[in-house]
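Naming follows writing order (A, B and C), and every chain is counted from residue 1.
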């Protein structure tokens, strides 16, 4: 009988264990305003409310968070405004913050409410992260495409509808919804308020703002308060679970295609292998993250973002939301790999031929816009401190030397492809005047660097083995050049020229 | 000492906990017939028996199942035949059911036993699911290929062995084993009893039926009892675990290739990201499935099949095994996306040019065979009720508008590709008389819609970002048209014509 | 109060449970030498030490391991040298073993230490596994490439930098770092000691050996002690977790690309589906591995490597590190699928035309180098014993017949592609004298067998459905032949010949 009672106690513990970290140890209250929101939204959008209830935001107030030892803190503000400090972070705390700066603010249940929550709003409690993110290339992901005429022409060549007549194709300007569904989906849309729309709801007739570009949580979103970015691109809503940003799937949403196969390379590397096989035994919620204790292999966040400490508490890497302060090379997104740009706004770069690119078409660096060798070495050393917690120096140095050799050699293969294309332009069997991206041989050339050279480099960066050879790597670099050469010959012959 | 005893008790609970739901709370008995089966099969096919023991079938009788509150029930029969009702669902209950209707019934251990178990058999306890599945396109997956002469010619062009002589290739009719290994693997094979075969076993000499098309668990399998389909296509055997059908991997078995990249699009979407990162905290066995409590993001089943309720018990979506009652558009499997067909048997559709297709080659709908706008809206609303449990109306409407724009634009790109191919046919540099699928330029055209246009749409449907651009989406739609144009020119030139 | 104490006890158990298997039940001591290593390395490479602490090596001595019942043993030595037997397997036990045979041995903290640990070192406790692995093709993965002039020319065609001038490309010899970053990454590098390098460390100035080819853990690595292979290719370091080798991700590191898509085929098969959905309920650490109890579906290791028993303890399959003793056919890596070679060293094979290949270019077997039909049947039966624990005989036989049909038919399609290429060579529009791998049409031909025919076969082997049709399978086999035919015509026309 006593035994049974004990067992019941046990089962209760077991069943409540899953919820232990999430909502059950709540001590700070939900604000009256947020209670109001929840009273309707628990039935209007039940899963949003339920998701939020599992969040850390729902279980701890900023004031309590500020009392934690510094390294364990997830808030970086020194102080939080008084009216926010003693309640948990609920609906109203975020969606009614800074109402005057938000063009999507509207009256909703007597409150000045906005649909979108932005890095500027989040910076109330997380100012250091917001400031770091402002230096992150990703926060400029819209302008870096839209303000670069060359990349705009690449977008047009992909998204524009082609039509066929008299043995010729014509390329139309892409419509905005198509670009939202493609480029802006990762890069971020430019949100604009188009007016208010009446709508009948279960709670009566109401008016809601209409936003062009919505829905969108692209990483560089242009917000209605003038800020850039969307924290939910990586942190999702409304649980904002740290384990989500720390697992590689978050990054894979935008970094999986052949143009930026970071996740693919990772998943076939030994690092990815360790993660997939062993992560059930790791701890993804602890802050700071202790190498060897909380995890026994890296995820994307480990190398590129998280605050890492050794089991003795020594800081191995400071948390960063800039990310490329741990990265000397930009290995994708341009014709050649190049040292990172000084500014996260790359649209102002001009190469020596006046093109908005970090290199010339033949690979010469636009050096004044790029970090120098000293800065590269500093960033490399910051990254390698992470490597060195699991690998000896000889391992790390040997790997890095090989990686930089691959950068050089893959750039070399791109140069060869560029020379073949240049010959096609010179011979007038391809035309670069309107666009350098819209004909078949030009698109082959784009794949040379956008898919194959960068895949080779990503694989090399993560010792990703087969991926860098046959799964979009060297095999394709070498084949594509031969394909381009054949095509050049066929084009010449078709135009009646002798190849 | 007392402490130690307690700890032992604890450990016992912990170790037996994993088995708690499966077999340990069994109250109904195993039938005598099934006991007989198990007595030999526990050594003949030990893992089948072990797998079944973990199943719900092995731990609860239909009579007990019928006593559960309606929404929690997994059986949909009002009554179950008496001899089945009070025993658990064991080997004999399924494999000796309806012996007369099964052509693969044979005498085995003195029982009239059949190898295959079919939707008709399962409908004894699950009649509503079987009736719904009968309206599912998937249950007609064999005939929808085999009874459509155009699709038969596509199958031949893929599966037939080609030979080369005098600068020409010849295409042979594919052998049946090849088609079983390819198309029929997902679509389902036509099972036919070829006779009985003697075999020596550890239990003496026996005779077993020989089935052509076997093994097969394709979703539209033509069974020896005249029924269509295989429940194990999604529910697997012999554990029939509900968590299996609810996780996206079940669907990925047939919906992962470039022809139907549902899983790929999902896995790079934020939905897939949420699943992969968080599913360890979800509950995949609870019925009904409570949004926000059991799960905080969707899997395939959530949007397309499962019974969903809110935390207040309100039904968000009724369980369906028809699935396209939540789907207004068919976005893959034909040249253009189109409103779903009225009948799950698509082989009877004729377009206005007399072809067995839901549209003409230029995209005009065979409207009389397809659902109308009203029905499309009804299905859209059913689906959107799921979206609306996690997203506000503005989010859902904005997303849907973008998705329908993508349907239209991707259809437009297919039309352009079709016009280039038509030019090739008109100029006699390609030949449509024998097959429209067997030459290189025709195969390029097939990829335009079968791989690229549909991938673009799947990505759009799930806000799948990069997948819809560079990982088989718009980049390839735009490039393929230029490739086709170049090939058309080279073909013309090769034939001595002026491009 | 009493209740609270009980609960605390409970929570302690719960929290320590995760660590239960790893380090907490340690009874044997760490050797003094290893303690010395750890005293510095706990801060020099903290995660290596932490990872090792989680390992079985760190918690049990060889002497204790030898006392386990035979089937439960992971050591296969009859005796272990006395000085190793009674301490756990720590740093020094491996890194100072056999110092005289290691050319990378150097004086480190007064010990003769080597960087690398090799199969020869591991064979001290695991001699049977090492001997089996010696018969594994993988242990010869370097020589099988490097000593085969044809494969060397394939490597050059992939890794060599191409340059373009006067409408021609030139192919340079690849540099060694590139080959290490590609082929040798999986196959293994030839490690060579280049000398000693001084380095400043936190513990003073030291000298460390410099190894060319380092870092590398390719499966066939040529070690400085003359041995071949790297156990860490699959078992990783320094936790050497058995669950890692038993999950399919370990294999995916090298077996995922289109040249060897074992993991891809698996992951879309029902087997992979079962694994992904259900593995949370499986036990990956138990030895022996009990089918139906520890697992309810196969991983790579289940079918190809692990010791499997039934729930009644009967051995279903003996552990193997040779692996192809369960495999009758080699379905990838050569132009045609063929019966496995008798020797794991395939570089000595000569076909009847004098080429170092298991078949002629037209598919005729170099039979004297290959296993005969009897041996094939023996290996097939060994493999099928695994299948038969979950599937009835009719299922297994039907599957196998289909698989062997697919081997034959995919070989047939390769022959057709070879005939088209031969025509190109005969007509002098392609040149086989320097290399048969370096021109565009030759590379198309390579893809026919290296990517498409083998993908079709892998999919067939695992009933991998869609993968064998549209995701690199039959669709591409059929399309590629038409593409090659068109290219042949264009090449002829470009050379002024009549196609």
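We adopt the following convention: a residue touches a chain if its C-beta (ideal position, glycine included) is under 8 Å from a C-beta of that chain, and two chains touch if they have at least 3 such contacts.
All figures in this text were calculated on a predicted structure; none of them were measured in a lab.
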{"item": "Interface residue identity across copies chain A, chain B - same or different by half", "value": "different"}
{"item": "Angle of the C-alpha superposing rotation, chain B to chain C, to the nearest 5 degrees", "value": "120"}
{"item": "Cα-centroid distance, chain A relative to chain B, in whole angstrom", "value": "33"}
{"item": "For chain B, residues contacting two or more additional chains", "value": "6, 10, 280, 490, 493"}
{"item": "Residues of chain A defined as touching chain C within the complex", "value": "6, 9-10, 13, 17, 267-270, 272-274, 276-278, 280-281, 291-293, 296, 310-312, 314, 388-395, 398-399, 401-403, 405-406, 409, 412-413, 416, 419-420, 423, 460, 463, 465-471, 473-475, 478-479, 481-483, 485-486, 488-490, 493, 499"}
{"item": "Chain C-touching residues of chain B, taken from the complex the two chains share", "value": "3, 6-7, 10-11, 14, 18, 42-43, 45-51, 54, 115, 157-164, 167, 169, 175, 177-178, 180-183, 185-186, 199, 201, 208-211, 214-215, 217, 236, 239, 241, 243-244, 247, 249-250, 252-260, 280, 438-441, 443, 450-451, 487, 490-491, 493-494"}
